[in-house]
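Listed below are the structures to be examined.
In what follows, chain A forms one complex with chain B and a second complex with chain C.
And then the complex of A and B:
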């Protein structure tokens, strides 16, 4: 990552892992089963520079909240290091940790749950001061609390000091939560979906307040959100997470306008937009997010990826390979079986044609798929290499015999991809880092994949 | 011909102390066959209450105070062999049936409305993810709905239809024998949509159909709804707070605030020729993915509580354009095209036209210009507590 200045990063994360639930039940131990932990954060590296707002985006279950909690030491990492201002936070003395807790704060998602209903605003906001023994005496503490409340737009503070949370609106509560975080004058604040519970008309107020406070208090933010438009509005840099991995990170505008990772591209295509209206392209991704307990091998995204890489000796197009690979996945998952073969016509052909279908929006479907509601596609119109075609037929025959293992074996030699065998490392590509095999030799790989890829502003495909 | 015609509908929630929450107040709108109509607004604006009241699904303390809900249908016992209402029923002043074949759902009793639900109007509930019963097979739940509402169907036919419906929304028919926990979030949502379509309704009410879903799945569900509409010509009444989703799927919409419709019209009109201070404020306050360097401006203050509200425009306390007049009574709907062309305020009863509830419609150009300035909104003093 080239940066115009040589600032030292405030937070350096390297190879961070957090696995949940590694405990085994007695049955598992007796049966000798390996524990299968949830890999919430699995090898994330990220630098956060002072004064920046770094956004973390991704779908639910991608590990973004876990990452945030690791950074404020609400969780201990399973592996990897977090350095805050040069010091390793996983290995701190008590005194160092006290200092760390003052400098790092968190704002939680739901202000209806994160405030204690039995504490007044004054109690809530002054509590961190007491715990950290920062301000002596009631008067001084009170004036500090008043000051912060006014800074977060709750003025005149006297009106709010003795109020309980249930007397406040959602926007006011979140401002109290922000005040509680800022009262200790921190350097780094992790904001976990800070406005997602608020009404649309008051969100902007809280966001703008956070921006103003950043200048005033000299803050660095980690801004976690599933809402990509908020990331765009708030953040200088953005990281996109998928199943515990950071797939792409870089300056927000670059990441959004010209996404490099296929997942980033799909994610941004899926966001509805008032201005694009009907012209918006839909997300070209198949299926849904798999379980983080047993994530796919290699690149975590490869089973859903539109740009999955064919083996070197593949004689056909990438589009044909993507379909052949979906066929293989369906066979492996047991989604394709003899029962599904139609009674009329050749059963092998009908299985192959079902297996080659793609579960994607209509604009990416073949004509036959549109006609049949996505249940058939035309195998003849794909330029499948002959060995692949043979393998598909063999697999379909094996399925008709009820032999799933043989069907998988028939495909194993021909339908392979580097995406499934090797895990891509995050590598610099232009202004950002991308973890995708297509970018491993610079940008050279992308040409071969075909021109279907483009940024958000690319013209939509003609129908 | 209109499918649904809602006239002056007012809904109240009774509160223990004798007051009432005015969840919806004199709301008018109509939905044409095959159309997607949106009710957009913030939480507590009355949009869900309004939709639920159409098929009598309000909570116990909620009731229709006043108004009519004319829907293009005739109850079986009131219909002749063509499905049209019998002349004797039309002539009977005790039966809420009109000569044009519409029935006033607001006047039906709870037994009668059950014949309307699913068959004529089906609901895709908010958090559809939790709408499936965990101890019944998904297919059986669809079958149950079919058998209840079309008792002449055999169980076998119903099972066959359930599988067809699942296949239609992109779920393998064999999964009909699975339980809800074996479905992913997107599949549950699809199953609930299939269930809503089970009896071929004319109107689907989709309450926040995608709110709990991740963005890529949301994208697919929106596509699915559009495809269903194209295939079956079903009308959809969508309720959402998400303006960008609404902009994409709705043909027409009504922007609600504090139980009132503030602005209604074709979606493009509402976004391109916005004519209400609340809608203008809302547009200022949400970020879009495509635009760089936006300045978001929030609407100061918070939404009203709606408990025995005063006279006057519901938005006046947060509105930078409020004048003396706004405190006297809530404004009627004015025609926007006339205001734009001639700078005059003309009341409109045409519910298909672009209309807005704002007294200062004659100064529309100025209001639009001022609304873009942040200072317009931030400089006003609001009593926030």
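And then the complex of A and C:
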């Protein structure tokens, strides 16, 4: 999608931040603990242009639904601004808000929850009209509702007007929900996983309908989905979120065909291929998503990243550094201790080899890891610099003595990464913006990563 | 959007069309209600009691002042010693007088007393039940909707304090201050029974307000009042009906026990007072015809409220 520069963005999001649960109990206050809010959305900037369909993807808990709800003013942002058509939505007069409510609507994920079971289809769809006093008189309201119902493919509308939601199928319900959003003739519609609760067989129908309606009603969509094929099918632009951060955004085709951020790469690798015979590639990322209450420092993704950047004076390979860094993380988390050392052979050696293993799908493991079921790896075959090797041994010895702090201190000197110390800023890279340290110094190593010698793991899951 | 100004004629027309689906819904509601025989039974019992309450004269064989052997007032003669000894008289059908459920120790007909007492029981049941629903449901809705704010806190702490109020001592004080009247009894019952209502409705509201239809109403710009009364309240009505029935039944029984303790207006006709009289006059084991009818009437009234509440739950609950 080429975008002429003279077009004004419809929605401008700047440094948006939403923290939940900032209050704390009296015990925590007395003990002087810092509140640890959930950082659902943490510094997102995004422009949405009129007529575009923007997709937001990410695994569950990455804050994409929160972002959507912030955009329709269901939540108030903790920090940052949202401007809709030039006006700041966080600071609106009553009259402005009425106008805003007419122009911005939302379609929710679950049509079985989003329709009031006690209200007929007519009551549900006509409610926004009544609230906003948009149509006078019962007859006109009724004809407007009928027209919208027919537009969303519920015709003849007479049949549906007096039906209750429990008399309708899932697809029909979602169409009613779409009709409710469109009845006020909005400009901007946030769709939160609009088809994820529907049967696969009717998804395409609803999606095509939404595309047709976009032309008819002149809509701008924000699609929130964990389903990347849906994003590819529907959206002109895509944004990838991880732990409240927007890690990459740009034209959908570019983002999908040539993902730049390691997380995007992992996300797309995790999508199963339909073609038979093609082995499913699983993504190359270690461990689980960290808690949004206490996200990692620097780049949020660095503990799981396959392309983690070694320090400048690192003598060995990047792969070796990744393993060494995993060792450090395991020590920090207390996952590695003296008890884990096996009885046979040198306990230090055994502990080091165990710490250097990667928690990744089988195709990315070393031979020794597969042999031992992921418990050991061959330290000798790794391209570890000698000072790192010494540090690892030292740390393992400290662990055997039960001194975790000393172990961490031993590693702190050698195994450090710029990814953990600085937060990457979203920087333009080609057609899009990527928030990754690897793209900060120009595009020197762009080509090298495009080849993708291994995806990262991040199974897209239900939100 | 369109600027419609329908003239009066089409207004009337649209009015009928507008109400048609609602009438249709009422009919559907009735068919759902009548699915359960128990609901019909409750309605029949309550119907009979209502008729007794409204026109007792049609059903009762005598007035409440009727005295065995002597008949209706004005009464000029007095009972002979032999006649007094025969009281309370077991059921008699014309010889020496007509009293199908016998008489009490004063010679009043039991059946007439039971029928004339219905109005009192109905009044107390409905007034106390409605009053506690009218207080408890809105407060519960507000408390739940503004859950975890100072509004919720204030209401819930007030409820906690009210829970600490012991019922009988409170009622004794209330009656001592304001006098033994039926109104005071109703107030006393309502003051203590709305608490359960409030707490249950609050819990229900807390879960309902997280539904996405509430969120979508907010997106459409609905006010808090609209969300509470249009989107949340219809969904708590099933439980509130059950509570209404329960409170009404409880109130009738409570009034009876208060009458038994002498805390209710003893000049009124009431099933409870009839029971108190039989106890105080010592005929519990001798005059079954005096003991059983008011007890059975009480039980039936409480049961009918429960039955109706049970069936109303089905009508207002669209899940089936």
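Here is the rule we use: the second predicted complex is superposed on the first by the 434 of 463 C-alpha atoms of A that agree within 3 Å, B and C clash if a C-alpha of one lies under 4 Å from a C-alpha of the other, contacts with A are read in each partner's own complex, and residues count from 1 in each chain.
What we mean here is this: a residue touches a chain if its C-beta (ideal position, glycine included) is under 8 Å from a C-beta of that chain, and two chains touch if they have at least 3 such contacts.
The model shown is predicted, which means the values in this text are computed figures rather than measured ones.
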Between chain B and chain C, positioned on chain A by superposition, is the outcome a clash or a fit? fit
Now for A:335: first (chain B), second (chain C), both, or neither, which partner does it touch? first
Counting only touches as set out at the top, which of chain B and chain C does A:199 meet: first, second, both, neither? first
What is the contact status of A:228 with respect to chain B (first) and chain C (second): first, second, both, or neither? first
Tell me which touches more residues of chain A here: chain C or chain B. B
By the touch definition at the top of the document, which applies to A:117: first (chain B), second (chain C), both, or neither? second
May I ask for the angle at the C-alpha centre of chain A between those of chain B and chain C, rounded to a multiple of 10 degrees? 70
State whether A:288 touches chain B only (first), chain C only (second), both chains, or neither. first
For A:103, decide between first (touching chain B), second (touching chain C), both and neither. neither
Rounded to the nearest angstrom, what is the minimum C-alpha distance from chain B to chain C in the superposition? 13
If you lay the two complexes on top of each other, which residues of chain A touch chain B in one and chain C in the other? none
Could you pull out which chain B residues touch chain A in their complex? 42-43, 167-168, 170, 172, 174, 184-187, 214-220, 222-223, 227, 241-245, 247-248, 271, 281-282, 284-292, 294, 296-300, 302-303, 384-385
Which stretch or stretches of chain A touch chain C in the complex? 69, 72-74, 97-98, 101-102, 104-106, 108-110, 113-120, 122, 127-129, 131-132, 134-140, 144, 161-162, 164, 166, 177, 180, 184-185
Interfacial residue positions of chain C with respect to chain A in the complex: 1-6, 10, 14-15, 17-18, 21, 24, 211-213, 215-223, 226, 230-231, 234-235, 318-319
Which stretch or stretches of chain A touch chain B in the complex? 59-60, 159-160, 169-172, 199-208, 226, 228-230, 232-233, 253, 256, 266-278, 280, 282-283, 285, 288-289, 335, 339-340, 359, 361-362, 373-375, 456-457
